[in-house]
Amino acid sequence: MDWSALQLSLELSLWTMLILLPLGIWLGRLLAWRAFPGKSVVEALLTLPLVLPPTVLGFYLLMALGNRSPIGQAYETLFGQQLTFSFSGLLIASLIFNLPFAIQPMQRAFEAIPQEVREAARCCGLSPWRILHRIELPLAWPGILSALVLTFAHTLGEFGVVLMVGGSIPGETRTIAIAIYDRVQAFDNHAAAVMSAVLLLISLVAISLSYFAGTRIHREQSHA
Amino acid sequence: MPDGLHLRLTQESPIPLNAEIACAPGEVLALVGPSGSGKSTLLRSIAGLYSPRYGQITCAGETWFDSTAGINMATAQRRVGMVFQSFALFPHLNALDNVAEAMLDLPLKERYKRARSWLQRVHLGGMETRLPRQLSGGQQQRVAVARALARQPRALLLDEPFSAVDRATREALYQELAELREELKMPVVLVTHDLDEATLLADRMSILNHGQTLQTDTPDRVLRAPASAEVARLMGMRNLFSGRVIQHEATHTLIQWNEWRLRVRLHPRFQPGDTIQWVMPTSGVLLMPTRPHEDEMLDNPIDVQIESMLALGENYRITLSAGDDRLTMQVPRYLAQRFSLLVGQGLPVRLRGETIHLLPAES
Amino acid sequence: VLGSAPAQAQPATIAAASDLQFALEAVREQYRLDTGRQVQVVYGSSGNFYRQIREGAPFQMFMSADESYVQQLADAGLTEDAGTLYAEGRIVLITPHGSVLKADTGLQGLGEALDNHQIQRFAIANPEHAPYGRRAEEALRHAGLWEALQGHLVLGENVSQAAQFATSGSTQGGIIAYSLALSPNVSRLGDYALIPQDWHEPLHQRMVLLRTAPPALHEFYAYLQGPRAREIMRDFGFELPEAR
Amino acid sequence: MPDGLHLRLTQESPIPLNAEIACAPGEVLALVGPSGSGKSTLLRSIAGLYSPRYGQITCAGETWFDSTAGINMATAQRRVGMVFQSFALFPHLNALDNVAEAMLDLPLKERYKRARSWLQRVHLGGMETRLPRQLSGGQQQRVAVARALARQPRALLLDEPFSAVDRATREALYQELAELREELKMPVVLVTHDLDEATLLADRMSILNHGQTLQTDTPDRVLRAPASAEVARLMGMRNLFSGRVIQHEATHTLIQWNEWRLRVRLHPRFQPGDTIQWVMPTSGVLLMPTRPHEDEMLDNPIDVQIESMLALGENYRITLSAGDDRLTMQVPRYLAQRFSLLVGQGLPVRLRGETIHLLPAES
Amino acid sequence: MDWSALQLSLELSLWTMLILLPLGIWLGRLLAWRAFPGKSVVEALLTLPLVLPPTVLGFYLLMALGNRSPIGQAYETLFGQQLTFSFSGLLIASLIFNLPFAIQPMQRAFEAIPQEVREAARCCGLSPWRILHRIELPLAWPGILSALVLTFAHTLGEFGVVLMVGGSIPGETRTIAIAIYDRVQAFDNHAAAVMSAVLLLISLVAISLSYFAGTRIHREQSHA
């Protein structure tokens, strides 16, 4: 069992969730309540990272973020290290290919909040910030939870983009998905099965617990 | 700039509006009008939840909305307390939290102490931890009322706040409202369909129809002297008829109605010969046999026939056929029994000319 | 363009073609026993490694299954030299247990099975980009079976995947790397027969040190060309070029 | 098995229920009770949306629910028409479709024809294509009413169906309901807080408190002779006092109340000396000066003092201090003016003993 | 441009959507309205196909559906052809790895339907079937649309599982994702870029249109 790869994957998942959470909430709300021309196109654009094969997306990201790209060079000047083949690069890739899962469920969840409830919140004098965390987030919670869980699971499992952008460097960019893939490629079915089982089990427990706790939190919100 | 709440809004569509209301601090203004006349829309405009095309809204000297100046203050800044017609409770917060949420400017402990006491005041002690979906309709409405009142708002906007509450509880809430109004000295705009409620609670009453304010006056005066046949009809005044002015005397005006000449209170603004409409509350029709009084010189005895009798609480609503028109009177049950009133029988009644109000004929 | 300093904290890493994964692991182990030192190896597709090295991937040595990538990197000035030819790959016909097809060196069995419509699926690596796939195509063409196999071929992304297909039982057989077929995990699953070396272009495996290579890697690079490593490589099914 | 709707339900928690109601075909039963007493829960049980712990519900000879036999017919099979307290319109369907949806058994064309005519009948002509969110509260409620009526149901369940509708429209809807009830001969259960509405529409009235049916009788009898002090209080009867039975005469019973002896209608079930409570409608208190009548032999003249006067529609609600108790009467405005009633002044009134009802003292 | 691969991908996407639509609706409603012990675990289980690297999932599916597996043998006896390396096999794999996207958004959408509205539908005497298609589906529509769009996009882009189970047989199991991947691997960047562009454009147009039409249908439902 490659624990460091598992740890890396979990870290990557957590960071991805952590960053996509505010981003998804912001974009989800925007898309839920604003009507603007071309909204459908924006929504469609946000789905596109799913359309390209991951390795190909990874290839293009490698080009876009690599040493020779403006982004890569700017990053290197700023932080003194290269963006691709590093955890940061992995994270950026992970954010991009998880966008579709994060935004859509959150957008739907915000759309489902009755207008009157938001109006009542404004009439109660709640600040936009308070409305967000006290009214909107709890009400949109199931959708947000879905988004987070999908993001979590998908980040654990994704390897095409990660392999291309990260380069499978042990301890730094070699995720558990790549490790399992390698074992399968090496016909080491036993090790692959063990790793898969551990990964599935951990995911199952983590996701079950978050759904379980999630609905409980949601239900018992009010006793805060 | 004047104190209190002032509003003047106009637009053509989608919801036609042509309204003007004013409500002084500590005053209760009842907004009365048929379903769909725009009452909720007016309240929503005041709260900043709806922005009509043209107009101004000011409160306590502050401009909340001005279409020409492009001012539209955010709802949260307007500091209104609002009871929504559909309650609009926060579905995930219990009753206590729903109320506490409106008092964020207070420290936490104080907030919950007050929220608890507000729930007591609306007779919901013991329901603190219930979620809205675990409350009955009337209980939800009372949480909404508590939430609106708790805010110590600068203007209180109540959209049929007692519609789902039973009589006894409602009376208790009237009491709370009356006290609060003394305490806080804020303008209160109350939408209601219940004229008793309006007369009981409101200092003045605004009649709205198709988005237009038709008359604003004390409830008493609106009921006694509606500004138009439309208002009379909206007030549910059944005794609205056509007639003609015959002449003005020193103390009264004489009008012709079907075969009768009626003495009514003096209305010098109409010319003899004018076709008019006249209106009278059901309490203006009395059974004949009472001793004459000095104030009864305007009483007009006429003979009519009972067409139908409808039990209505402790009274009968009696429809009388009078010539081509139908006159309605309200008689307490015991009197109806005493006089053995029966459908079809002839009945001498008096029309109290003092309560008769003349209106221009509708075009 | 020199590799920047801060990235060097990590151990030296070799990017190696997947077909080396059994042989090279054995060499690494021997190297560790002999010298007490370790190197880190990442296995993958040579093409991807090429691309990643072009984009500045932190690999210090590249062992390619296709020497053209090494040449291109050398042309781009990213390597120390033109590299060394260290092995040559062989391909085998592999048939899973219970297959109608029997593994034979001359591929006659495959021809007969094709004539008898007994071949439903036959696995090779994708000849468009996988070196072993290209060699498999050449061998099949040489045997005159290529046209007949059209419609029956399933294409692996790389030779490992082709081997998975070939041994899964869902195909009647396939052509894969000899080095893979020799590994116990694969040989368990079927029978194989070497395909004559002259039926296809040689599979030159070339390795090269990148400009960023630390001294430790130079040592390993040399070790790979030494007798012990060569012996291991041969045991794992590689033909070896003349020793320098 | 009997015709009409029969229900008997009991459970302890979460919502306490101990109710029994019956409603014949063509009968309107008003369900009256304070907020949170379980009215909506009863309706929901009848509709099959709530299943209490124990009990039976039968309608037109069919068993809809039987906890012992394990019967619980699906809502759709029960064929009830229901107006939800919160309307529960289909938010994505326009008014017309909302109504048409309840008539799926009819062919498409017929369905929409009738739906259109139903909308007309609830005064929503022209609003056919509006979505619920584009309708005012009262308009939505009327769509809900039309939807419930359109179904030609076997039982009609109305949960405060007119609460958001103005007076004039409401009266028109009363008319529709009355006609429909003749037409369809189905049991109608009507939840309402409005006693006028209950007396006007209902044949019988069931008083509910804490889930328990306390009294079921004609509205008239419930108001005249409430079964207990609790019922009297729930009916909003303000004149509820303690007293003691002195003796029974041939035509009346004599009771002691504060310093007064009152002649009340004969209540032989109490023994002289019994402590009792007595109750009287506000209309049982009359101003003194009317001619004596033969039916006034039970009138009890007493002297009281005006404590407060509250305008209420066309009447004043006058609170009188009578000994330690507070008596409430209702006086038309014109009489109050004629007698120049003022707060603080002494006033001779008559208590109509005929309207006085004796109740067992509360334990 | 490999049009046959594109066509195959579109067919695969359509079939996947077509099958997941009823399945997702059924499962989504079940999960939305039924409470049962272990529900969180079931929800988590439905997310697991995302957790394994696609190629690894594909490998296990290849084993599970292959000629030697009971499923594979049963299929072969029934239909006289093998399941793996065929369109049917591809479809099954596609269904499995798309489960998470299909179920979750639909479940959330059904959860958001107010209970009273469903009760009113029953009181109107609507049959369960009519309630479904006249009340629930239109109200859950945005969530269902999200699910379909995510499924569509993801099926187009997925290649790990598809390659493993399908074997990249031209015209039969070689999807556009595999085709693009192959072009990239073959350093034919131009062809890859053209194909990617075409795929992205088609997806963008298709998804934009479905969002656009979807919200319109939703809005104008009532004029039916």
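Going by the order they are written in, the chains are A, B, C, D and E; count residues from 1 in each one.
One rule holds in what follows: a residue touches a chain if its C-beta (ideal position, glycine included) is under 8 Å from a C-beta of that chain, and two chains touch if they have at least 3 such contacts.
This one's a predicted model, so the numbers in the text were calculated from it and none came from an experiment.
K.L.:
Identify the chains in contact with chain C as well as chain D, in label order.
P.N.:
Chains touching both chain C and chain D: E.
K.L.:
Between chain D and chain E, what distance separates the C-alpha centroids? Give it in angstrom.
P.N.:
56
K.L.:
For chain A, which residues are shared contacts with two or more other chains?
P.N.:
Answer for chain A, listing residues that touch two or more other chains: 59, 184.
K.L.:
Provide the list of chain D residues touching at least two other chains, using ranges where the numbers run on.
P.N.:
Touching at least two other chains: 86.
K.L.:
At which residue positions does chain C touch at least two other chains?
P.N.:
48, 161, 164
K.L.:
Let me know each pair of chains that touch one another.
P.N.:
Touch list across chains, by label: A-B, A-C, A-E, B-D, C-E, D-E.
K.L.:
In the complex, go through chain E and note every residue touching chain A.
P.N.:
Touch list, chain E to chain A: 39-41, 43-45, 47-48, 50-57, 59-60, 100-101, 104-105, 107-109, 111-112, 142-143, 146, 149-150, 153-154, 156-160, 177-178, 180-181, 184, 192, 196, 199-200, 203-204, 207-209, 211-212, 215.
K.L.:
Quick check on the complex: what are the chain D residues that touch chain B?
P.N.:
33-36, 39-40, 85-86, 135-139, 141-142, 159-160, 163-171, 193, 195-196, 199-200, 219-220, 223, 233-234, 236, 281-284, 289-291, 293, 295, 310-315, 332-334, 337-338, 352, 354-355
K.L.:
List the residues on chain C that touch chain E in their complex, please.
P.N.:
45, 47-48, 120-121, 123, 126, 128-130, 151, 153-157, 161, 164-165, 168-171
K.L.:
Residue numbers of chain C touching chain A in their complex, please.
P.N.:
Chain C reaches chain A through residues 4, 6-7, 10, 13, 18, 21-22, 40, 42-44, 48, 51-52, 55-59, 158, 160-161, 163-164, 180, 183, 185-186.
K.L.:
Per the contact definition, I'd like the list of chain E residues that touch chain C in the complex.
P.N.:
55, 59, 62-63, 66-68, 72, 82, 84-85, 163-164, 166-169, 173-174, 181-183, 185-187
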